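What follows is a set of structures to go through.
Both of the next two complexes hold subunit A, though its partner changes from subunit B to subunit C.
Presenting the complex of A and B:
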């Protein structure tokens, strides 16, 4: 692992020796720095491309937004170097590049898509996204540096589950309906989507529960027709999860979140038990639930009908999906170039609804082409690889399951919304992690990557052996 | 094709090249990392970390690599000799069968405990679980690959 884990600083100078006295050992992270610089170079070229296209002459435009963003990334890198944990060196540059692509797109889209008034000045889309990205990266860095112990996650798993269910109920009762989905919770001026946070809490609970009960779940004892299933009491959480997913669809009208919860849950159960029977059972439950919902609820039926044939109502319900498909077609292999895309498709710029949240992938694929779209796919692929590697190397089952679950949340979200944009699966209102506009989604995904980084530190050793005096006292007390 | 169109086309291509340069460096690093891990794997199935050992044998804080069959007890012929007054000569055996670890008590006087509960017969255990023989507490952990 000489590549991923940096080498310690060779010659301790005056500063490093001072730091060492506080128990901090700086550790160079060369790969991370190299990747960050390459990402910054790519983003700068992209920025020049965008600004020149918009101005009609070769110019760098106003690079302040991009410079602030690259500055934030480098500050976080410096913080990682100084604190010297042996965390993963790939996740920060990959996340940073995704956020940077998001920033390029937000600077390119009409700034009026999201605005926030701050006294006399009004912030547009790009500055707002920069603010949220900065906040998200700060959260990520703090978690990656500070979290050295997972007892607070492990020991209180039922408390976390209670918090999650409470959050869900709060949204059920107090939520603001937007686009027919009851997602956001408004407390004073701040609106947030608690279901974003819920998916992190859910993974923490499931990892704790499964790590504790996996050996019981893996043993078959009850026979149900041709397949043998574990003792029935241990199946209850599974049915409970299914119920929660159904409730989210019915009450909250949020298909995406329900699909995400259930697929993350099935993945974790399979990873914990290696029993295919669970997956088959889960898929059967999913099919039964999906069929029932299709016939019972209009909003589910609409989504599926659009997916099957959007051209039935090309100017109404099928409009978004059709125009997303046009975007992919127009992009071709090399793309139209940043700033040269969407307005040409349909008169006014940004008239594809939810272009900055649900359809960012279509927008980027049009302007960067297939090569750009594949690059974005590959970035999520790299996140998946790193997350699963962290899981494989984890010292115990809880950490391994936690890493798998957190990784899967990001990867399944990305897969669901990219598939939805491409009309591969029914479109669900899920965000593309780190690329879509939106504070709650950015913060939740930053928490995930921050925890993954903290989990990747394998320098955390078991507690030190007791000192001779402690040994004397503990005699007789241990039995 | 005028000068501006050509320039902007080159900048666009440059952007794509930069993106893929990032991937080239990234994938090379990931590949090396994977190779290093593969080279380091297959050495051991797991290890026991000694959490507490009042008699000092084995030393608390030390970690012991495990074979597929590891016997524990006070007798020197065991794979791991646990020299503790409350441990029987042939106390317990840890086995790796197929894809999981199992713990079995070998009729010891004071019993073998898994996560604080006395075991009966053969029980499966996962990484992170803690076993106790006499006053000695041990934790099963995955072998470090890095």
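Presenting the complex of A and C:
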């Protein structure tokens, strides 16, 4: 893990002694602080660049949005220091930097893309995203600090599965169809996309199920033609997952979520059992399902056809894909600079439909160039690396599988939408974690990183403190 | 800690850690793929994407940036920018005779001609030098429009358009030693000034589309015509090149066939009546001089279908010519017969003297003449000499060799035959009208039959001076009569004018 390990604060003062009485030992997190300051510096430069581009002279513009955001990050860092858990020090700065890039982009796009009326004030895209980011980071911090016990996840896996299926059914019944996809659920003034939460719940269930049954799944086999597969009862959950993925496509018309569920599922099954047969079987099921859906459902067919050749309908269904490619081409190696991309040239707000949700990667790649886009890619690479590291160091199978699953949700999601922007895979309407606009997605991904941070806690330090307490993982809890 | 079931025999259950390593490798591959995707679109395809006409950036540049001028070979302006009645940026064309070359740039109808081929350079979206785009896009004015210097001489172009007058036809003139196109006339044409006028443009375009003479058809590059006897030069190139004939090849039966017809599978090939025919059979030069169909039918049959197609393809037949403007492919045969595309030997024999199913563009025939004039070396035809950007960057278009078609020796023989056709005792009566006074002139006339009722197409190809060619030319006037009456003197006059211009 980190080279710089936090140093326990020496000479306890009045505050620290009070904290100690509560069982809290503050400890510095120097690596996290350093990385956060680097991220803040990068975002400040970006903000000045954007404001100067928009004003035509060198200026900082109105930095309140950025200052609030950096302030939130530092407060969370301080909370981590005070509560003194030995959690990962890289995830928060990486998440923070991605969120900051998102703010830069949202501040630069036409503010009317998303609005919320609050009495006499109307909030635009950037303040709204700031609000959601703040909320998401708060959720992340609370989870990272508070979660010290995993029984509530481990013990009730079937309950969680039921909740997930319930959410799916709820969407099916009450769903709000927008853009042909039935994604959002509206309860009073609050609208949300339950499938964002569903992906977390699913990972919890799968980690529990696989940790319990992985020995059997890995060993037992019956022969099915040339490949040996486990006994049928153990295959049922797999077929169930396949069914859920199909249902998501059919019911919610959400191709991206289905792809994500299924690939996370296959990854987890492979990690738990290391059996290629599962992956092959899963891919075969996927191909069969995909082929059937292609011929049965118009929206699936359209997506695939545009992917194969967007120029068939350059002004209609292929418009987004082609214009995303123009963005990449315009960016080149160095990029145009923040605020100087295509929407500024054409002057038409929302020139690229869904630019603030589906095409954030293309927009950033245009303004930050290939170097900036590679950096974004690297940030997700770092998340993947931290997640896998947490899994390797996990205390047991459940925690390892949970860490892998949560990590893969973020990483596969990012890869699918970046690949879709780049026309490497069919474009699906999923979000780029922490960068795309949208409350549901931000909250779900914040829950994931918060849980990862909690999982990364390496417990109390080797030289035991005066009153050794087990801070985590003791059944029944000891808080 | 956790209630792991069935962990009685951990040896056979692989650890999660080992699978994580493989997962890490798989993820690294996925991310590498994404990185390569970025490189493909942002580096490899970047220029193609940023100059795509559908790109809003391109459309914005067309409106925002002043467009580069277009100038002829001597620096005369042939396309400039003016302000329209409402202050919009419009194109103006001081020399409308250049329309077949320059085309138009209209805010409503888009672009054509050179305006289309060099749109990205004229608007300045495409940097002239490599890497020019890296830094320039950071400037407040990111466009670097280029002036286009054409190889076309507007005086020759105007003379060619005037010579064609109301008739339908085309003239293509090329500098043989470089491939520079000196004139590219199509008649009738349109007035680009009327077309780009925002007020009357649509009505004018509708009237153009309604005309039976199709003024929007670029005859010089896309008109396909029966070539008649000018195609005999192609047959000679194929015959000599493939070794089927030599310059002194004669056909013993030819004098008799002049009177009785040359029968190929029941079909009788005849020559036009002429004063000159002895009992001695004609050789290649004499046959070219008197334009003997029978002689060249023999040559075509001896050369054979495969070699005929092969040598024609070397000259550019069978595929669009690599050129700044779109070109139609010329053909020796329409290719649906069993004999390498020919229906039978009759079609092959007819094609050898330019009838049959043979169809050519004027540009293709000008290239044939230029190739012979350039000692058998085919050069890529070019319309642009150089581009000069506002920033001072310059790109010069260098002559490019397409391939060697004929040996210098073969080209010399064909040159001699073409000179004899213009200046020989008997050739004079057909092609003498092309003679440039005081200059050795090479040429070949053609009278292409297009059905029994319609008058034939009048053709001429040639070059001058024969020793040191400065201009090669192809002239076709549709349904105008014999080559001798129309195209031959027109070609001669234009070559004479050009040689006087460059003196």
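Throughout what follows, the second predicted complex is superposed on the first by the 449 of 479 C-alpha atoms of A that agree within 3 Å, B and C clash if a C-alpha of one lies under 4 Å from a C-alpha of the other, contacts with A are read in each partner's own complex, and residues count from 1 in each chain.
Here is the rule we go by: contacts are C-beta pairs under 8 Å (C-beta built on N, C-alpha and C of every residue); 3 or more make two chains touch, one makes a residue touch a chain.
These numbers come from a predicted model, not from an experiment.
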Thinking of the overlay built on chain A, is A:271 touched by subunit B (first), by subunit C (second), by both, or by neither?
second
Is A:215 touching anything from subunit B or subunit C once the two structures are fitted on A? First, second, both or neither.
both
Kindly classify A:337 by the partners it touches after superposition: subunit B alone (first), subunit C alone (second), both, or neither?
both
Under the stated touch criterion, which partner chain does A:398 make contact with: subunit B (first), subunit C (second), both, or neither?
both
Of the two partner chains, subunit B (first) and subunit C (second), which one does A:377 touch, if any: first, second, both, or neither?
second
Would you check which partner chain A:388 touches, where first means subunit B only, second means subunit C only, and both and neither mean what they say?
second
State whether A:63 touches subunit B only (first), subunit C only (second), both chains, or neither.
neither
Applying the touch criterion given at the start, work out whether A:328 contacts subunit B, subunit C, both or neither, answering first, second, both or neither.
second
Subunit B and subunit C contact sites that coincide on subunit A, given as residue numbers
211, 214-215, 218-219, 274, 334, 337, 369, 385, 392, 395-398, 400, 475
Partner subunit C, residues of subunit A touching it in the complex
154, 211-216, 218-219, 267, 270-274, 314, 322-323, 325-326, 328-334, 336-337, 342, 345-346, 351, 365, 369-370, 373-374, 377, 380-381, 384-385, 388, 391-392, 395-398, 400-401, 404, 411, 415, 418-419, 422-424, 473, 475
Show me the residue ranges of subunit A that touch subunit B in the complex, using the header's touch definition.
1-5, 31, 34-35, 38-39, 41-42, 45-46, 48-49, 52-53, 56-58, 90, 93-94, 97, 211, 214-215, 218-219, 274, 334-335, 337-338, 368-369, 371-372, 375, 378, 382, 385, 389, 392-400, 458, 462-466, 471, 474-475, 478-479
List of subunit C residues in touch with subunit A within their complex:
1-7, 9, 12-14, 16-20, 22-24, 27, 30-31, 33-35, 37-43, 45-50, 52, 54-57, 60, 133-134, 137-138
Quick check on the complex: what are the subunit B residues that touch subunit A?
4, 7-9, 11-16, 18-23, 25-26, 29-30, 32-33, 36-37, 40, 49-52, 54, 56, 59-63, 86, 99-100, 123-128, 134-135, 137, 139, 141-142, 144-146
